[in-house]
């Protein structure tokens, strides 16, 4: 039986949307999949050594469960983004959800391959020395080469 | 000929993004597909018995067609989210677009399987008794088991 | 060897999310793929003759790299969306990133097929005469017909 493959494009860099690529990749790798995660646009944040700057915004997402209903006019006040981020992190910790760092380590140990999109690294002036070791750099061709024969492709 | 399969991850809970998983699933089921929808993060909203709380936000989406151009500073005012939601629902009704309830019923009648992500149910403290009957609970492994042999996988 | 196929659903209409479908489609077409892009919801913006109205919002995206950190309360001020759009376009030009117009032309020359979602054209009252020539109109069935036998499917 040939090894299954999963190709992910990770394009978001907020606390909520940083989780799905890492959860799916670490789980798929544990199930024996070969996994590649192509990080582009804000998804490059997933490759930073220091993940502590990843935040969440309650804005424009009326579906986000909030402990206290909060009008949009309050959500835009200074400090609310930091507060929402802290609340979400505390809740995750209390519920035993692994941190982004822990999930990414699981991925790296399981040989998930992370690829940084060279075009958006240049565009957003990300500094490659801020990235973790062991990643590759590539473009849409790099993604398609793998995705074209993968069993699962997801754009996150 | 073997039955085609479609696997969807539904992660959003706003009025606009609640539609694509339900439209695609009901259509695919009508075409004879076996369909599974894995609901996680804000996508758990799709499983609530009462869908009337699903709203839309004009914020951060300059591509949303608005009857009257509206500065961001007005969009954040109290009541604007409710107004945008009402306007969108009225327009959908006027144009004969099925409601979320109707589309979900079509899905259920056609044996689309809905799976609630146990981790986010716990994290966001959704109450399972608020969910419709007949759904299952699972994790990333549940999704991958089906998606790995599906013909179509979409992350919405 | 049979020709590879890629099916994309393009649902977003902001400057950042207009790029991925056009970059992936033009690249895939150059690699010999048959490509279909189903444009629905705000993704219909990609089909407008005039793409100059496509904008970007810094709101609700704390992961967007900003030259100067800017509190949310400033981001909602009049003119900030226009300023963010102008800054992003200038940066793209300075970095040699192709414009949306150029990428779409590449796609059209390479026979990428664009399909407008008839339901959302009606719902949002897009005027078909504002769209480029050579596109088709269809629904979820049109998408699934192609996607069901495609090698890559992405919901953007």
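Just so it is clear, A, B and C label the chains in written order, and each chain counts residues from 1 on its own.
The working rule: contacts are C-beta pairs under 8 Å (C-beta built on N, C-alpha and C of every residue); 3 or more make two chains touch, one makes a residue touch a chain.
Just so it is clear, the model here is predicted, and its values are computed rather than measured.
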Over half shared or under half: which fits the residue numbers at the contact of copies subunit A and subunit C, same or different? different
When the Cα trace of subunit B is superposed on that of subunit C, what is the rotation angle, expressed as a multiple of 5 degrees? 120
Measuring from the mean C-alpha position of subunit A to the mean C-alpha position of subunit C, what distance in angstrom results? 22
Quick check on subunit B: which residues sit in contact with 2+ other chains? 59-61, 75-76, 153-155
Complex contacts: residues of subunit C adjacent to subunit A: 4, 6, 16, 19-20, 23-24, 27-28, 31, 33, 59-65, 71-73, 75-76, 91-92, 95, 97, 151-156
Seen from subunit A, its contact residues with subunit C in the complex are 9, 11-14, 40-42, 45, 54-57, 59-61, 75-78, 80-81, 119, 122-126, 139-141, 143-144, 147-150, 153-155
